[in-house]
Amino acid sequence: MKKFVNDPKQFVPEMLRGIALANPDTLRYVPAYNLIHRADAPNHNKVTIIQGSGSGHEPAHVMTVGRGMLDGACPGDVFAAPPLDFITETVKLLASDKGVLLLVNNYTGDRMAFEMAEEVASADGLEVRTLFIDDDVSVKNSTYSVGRRGVAGNFFVMKAVGAAAENGADLDELVRIGEAVNAVTRTMGVALTACTPPAKGSPLFELGDDEIEVGVGIHGEPGRRRAKWMPANDIADELLGAILPDLPFESGDRVAVMVNGLGGTPISELYLLYGIIHEKLADQGFTIGRNYVGDYCTSLDMAGASLTLVKLDDEIELLLAEPAEIAIRVF
Amino acid sequence: MKKFVNDPKQFVPEMLRGIALANPDTLRYVPAYNLIHRADAPNHNKVTIIQGSGSGHEPAHVMTVGRGMLDGACPGDVFAAPPLDFITETVKLLASDKGVLLLVNNYTGDRMAFEMAEEVASADGLEVRTLFIDDDVSVKNSTYSVGRRGVAGNFFVMKAVGAAAENGADLDELVRIGEAVNAVTRTMGVALTACTPPAKGSPLFELGDDEIEVGVGIHGEPGRRRAKWMPANDIADELLGAILPDLPFESGDRVAVMVNGLGGTPISELYLLYGIIHEKLADQGFTIGRNYVGDYCTSLDMAGASLTLVKLDDEIELLLAEPAEIAIRVF
Amino acid sequence: MTDTPTIDSALANAELVVRTIAEEAVAQEEYFGSLDAVVGDGDFGYSLARGFEFVIAEWDNIDRTDAGAFLTNVAVMITGHIGGTSGPLWGTAFLRAGAHCMGRTELGAADVVEALRGAIEGIKKRGKADVGDKTLLDALVPAVDELEAAFAAGKDTKAALATMARAAREAAEATSSLEARRGRASYSGERSIGSVDAGAVGVAVLIERVATIWPTN
Amino acid sequence: MTDTPTIDSALANAELVVRTIAEEAVAQEEYFGSLDAVVGDGDFGYSLARGFEFVIAEWDNIDRTDAGAFLTNVAVMITGHIGGTSGPLWGTAFLRAGAHCMGRTELGAADVVEALRGAIEGIKKRGKADVGDKTLLDALVPAVDELEAAFAAGKDTKAALATMARAAREAAEATSSLEARRGRASYSGERSIGSVDAGAVGVAVLIERVATIWPTN
């Protein structure tokens, strides 16, 4: 394994320290709970929004804390939901008078931990609601009763509720908005290589030199099928072929499009893929209202990408267009 | 080779098409000259700033076109300076009444092409100046008379002259500022893996499973030495050990710090590395005025990172803090 | 039930079991991780080891009012320091077992079985899972069944644990033929068939270890 | 100089040489690329192939006023379509050679040598390089020296070209012992010793091809 890492057990804390040191004015770091939060949280004029999940998906979610996005993120170790305590302590520390919204990607471990945390916090008299995100079309709801996975589409839920909270929306309203966004968001990914968790030190799965995994999960979970490598045009067809009929998206729809890198793929390839997808969508009568190209929700160093489509209505589009400021910045 | 690519020969044009399609309001694309330019260029109230270089370093430079940065970028093929015609046509199309500043990383091919272009454009009566950037400390000026390479430090020159041009500075002033920034900017990189050019289809050089290349160039050129993999702390020491004595940077200096990903390294590792470097610099009495963590100047899919330090004075720091808008955006 | 063997000193035995499990979980970190990597995400060993490492580090500070308080305190440490799916599941299991032992200084065989049944119920509820879903329940449930049967057949604790361990191992190996319906492995669908469940094997290894170190007589 | 052989029809010969070089450069794309990958960036073959592909595609539209105009037009195509270091260098070479042939319909041996010397001077100036820097000059200069000597010794064009090709090949192979002082390979410093220069071998291969296809008599 060749990574920038010291002791693999300190991978997450050392990364969090880096984020904190890079953003002294806007962020605070509480090492005891892997917590990164806004320097001005809790803000009692807005609902507090917290995301927890395993680490290894950066910039999600520890780098998406900031004005118009999250108030705090409490990640677990790489690919592991945070321990219960991390969540309950985070909720206690950041709870606002307007309540707390927990954003959780739909995985067994995360569901359990956050359901327990909501119980604990409610018992403490805090107003807490939890929103589960499940945008991954590669896992069929019918077949596996654990339900769909939450992947890069998470960004859109965060952005929309983050903007609405900044504008003063109350907890019920945020839950409504978050559910509405989740309901029109669909994602599927493809892996060109496996990822290597620091503590494991070797690739999580085997992928031949000419193989790709279609429908891969962001923890290296297998997808729909193992396939031979194919040109970007054909990969675009695979992804669109899975996503479009799922909602379904229909010709004439206005959509937001995200081509998300999984960590090891350079942005040049993401834009190449975006260009193909944009043209295919335009050819099928879609209007692209907003686009996103880059790394939003990664799987450590996995080479690959996911495609997310969001069916836009005026409310969602306006919320996505609101300003926001997070650790990830260019200038 | 597993990449998102169709015909490798069309890698650059298809990527440029993606950039253009993703930014219909702000950018224009001229396929005949691999040209990406601001929709509002030429703007005769400001000097036109153009960067040319090989492709494969994205977001540099085709994705850094926009307000406060470049007016246009005309890249060559992967790792190859643009052909003369691309440059001369770009200059003709974008020339403003206030003149044209060409930003060029210091490589033989780029130097020659841009020197020829400046001759041609001057003969056509255009006011053109060329600025060569050479921030890479891994190559010693004394030993190799081709001089130092221009790498990620390029960003700071672009940002500073981009901001100054937006504020109305004339061509002489921009040259002065660009040279001043280049003079206080130092970079060194380290590769964890080799990169794979699409047209070659296999890694550009061999790097053992436990080896790294210290001082690597952004085209996969060898660096100072091949070393065994080492923990992030030791890599930070190597990079600082090469950079600090070179200017030299001195305790008490105020600096901008960039930890730049080379394309295949996830942002989690970059922040981990940033945290280490930040603390080491603080321990040695430096003040960090601005920091940059992410992919700024890549080498295709190479895993690795470079560290850039810029010695700040008030003028440079103010210019870096000016607003700018480019294709690479989060929201 | 005077013919069933009695475990003396509930606290001491709880300590022995927890300490054994904790040390074994730390020792098997890599092995458990490799099991989870086949169709999971490879962190099962890591998660368990980090949690039980903490239990060992805090060993002297654990509440020793009685076996129930001891197990409850361990449960809190586990939920506080194990992430992923295992934190809530294992924490719930220890919490439920602790509840059954609260205020007791001696535990009969029936008490032990009841405490373990409580743990199982907790896991089932928390994980919305049952036997056959290819989880640790597929090792734990048959193991507890066999323990109960062994006690009923008059075996002493050491012998009963040995029977339990054999049952756990056999059942864990048998998960190989199951298709995962819960946890991360379930995303693999049919591809999960052919490899054992990491959690089930983990449970078997830990029970085996307890059976091995249990003092004779 | 009535004793030196005369090449008839300057334009026809220029066409033959350019066409041969162009086709060979396209055919050798991968090989030239692999040479450049050892201590360079692997794109020498790609760059040359793309440029000469364009020359072939536009073949019928090239200015055929005379050999000079023809070579100048090719030079413009090359600088317009070859990127990297090779575009400016090869473009300059063809431009200088073209300048020496402007307005001529026949070229004597001395003219050919002079045109090639012009190309060499252009490359030296453009690349700020000289013999010994481990570049294509290390094959081209000795090759032209030998061509001149062969003409002087009374050899006919076919034989002179064969001599030239042998010299180019030998000199190209000898670049292996040099340390690169120009171009991307120079960053490798001492590590560039032990492998041949891509540009030098490229020049040798192209001259060999011209020597091979040159008609006897």
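We just call them A, B, C and D in the order they show up, numbering each chain from 1.
To be clear about the criterion, contacts are C-beta pairs under 8 Å (C-beta built on N, C-alpha and C of every residue); 3 or more make two chains touch, one makes a residue touch a chain.
Note that this is a predicted model, so its numbers are computed, not measured.
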> Which neighbours do chain A and chain B have in common?
Replying inline: none
> What chain lies farthest away from chain D once each centre is taken as the mean of the Cα atoms?
Replying inline: C
> Cα centroid separation between chain C and chain D, in whole Å?
Replying inline: 77
> When the C-alpha atoms of chain B and chain C are each averaged to a single point, how far apart are the two points in Å?
Replying inline: 56
> Rounded to the nearest whole Å, what is the centre-to-centre distance of chain A and chain C, using the mean of the C-alpha atoms as each centre?
Replying inline: 33
> For chain B, what residues touch not just one other chain but two or more?
Replying inline: none
> By residue number and range, which residues of chain D touch two or more other chains?
Replying inline: none
> How would one label the connectivity among the chains shown: line, ring, star, complete, or other?
Replying inline: line
>> Under the definition above, what is the set of chain A residues touching chain B in their complex?
In response: 2-6, 11, 14-15, 17-22, 55-56, 58-59, 63, 159, 192-193, 209-210, 212, 229, 231-233, 235, 263-276, 278-279, 291-295, 298, 300-301, 303, 305, 320, 323-324, 326, 328-331
> Which residues of chain A touch chain C in the complex?
Replying inline: 9, 54, 76-86, 107-109, 112-113, 116, 139, 143-146, 149, 197, 199-200, 204-205, 217, 219-222
> Inside the complex, what are the residues of chain C that reach chain A?
Replying inline: 33, 37, 39-43, 46-47, 50-51, 79-89, 91, 126-128, 181-184, 186-189, 191
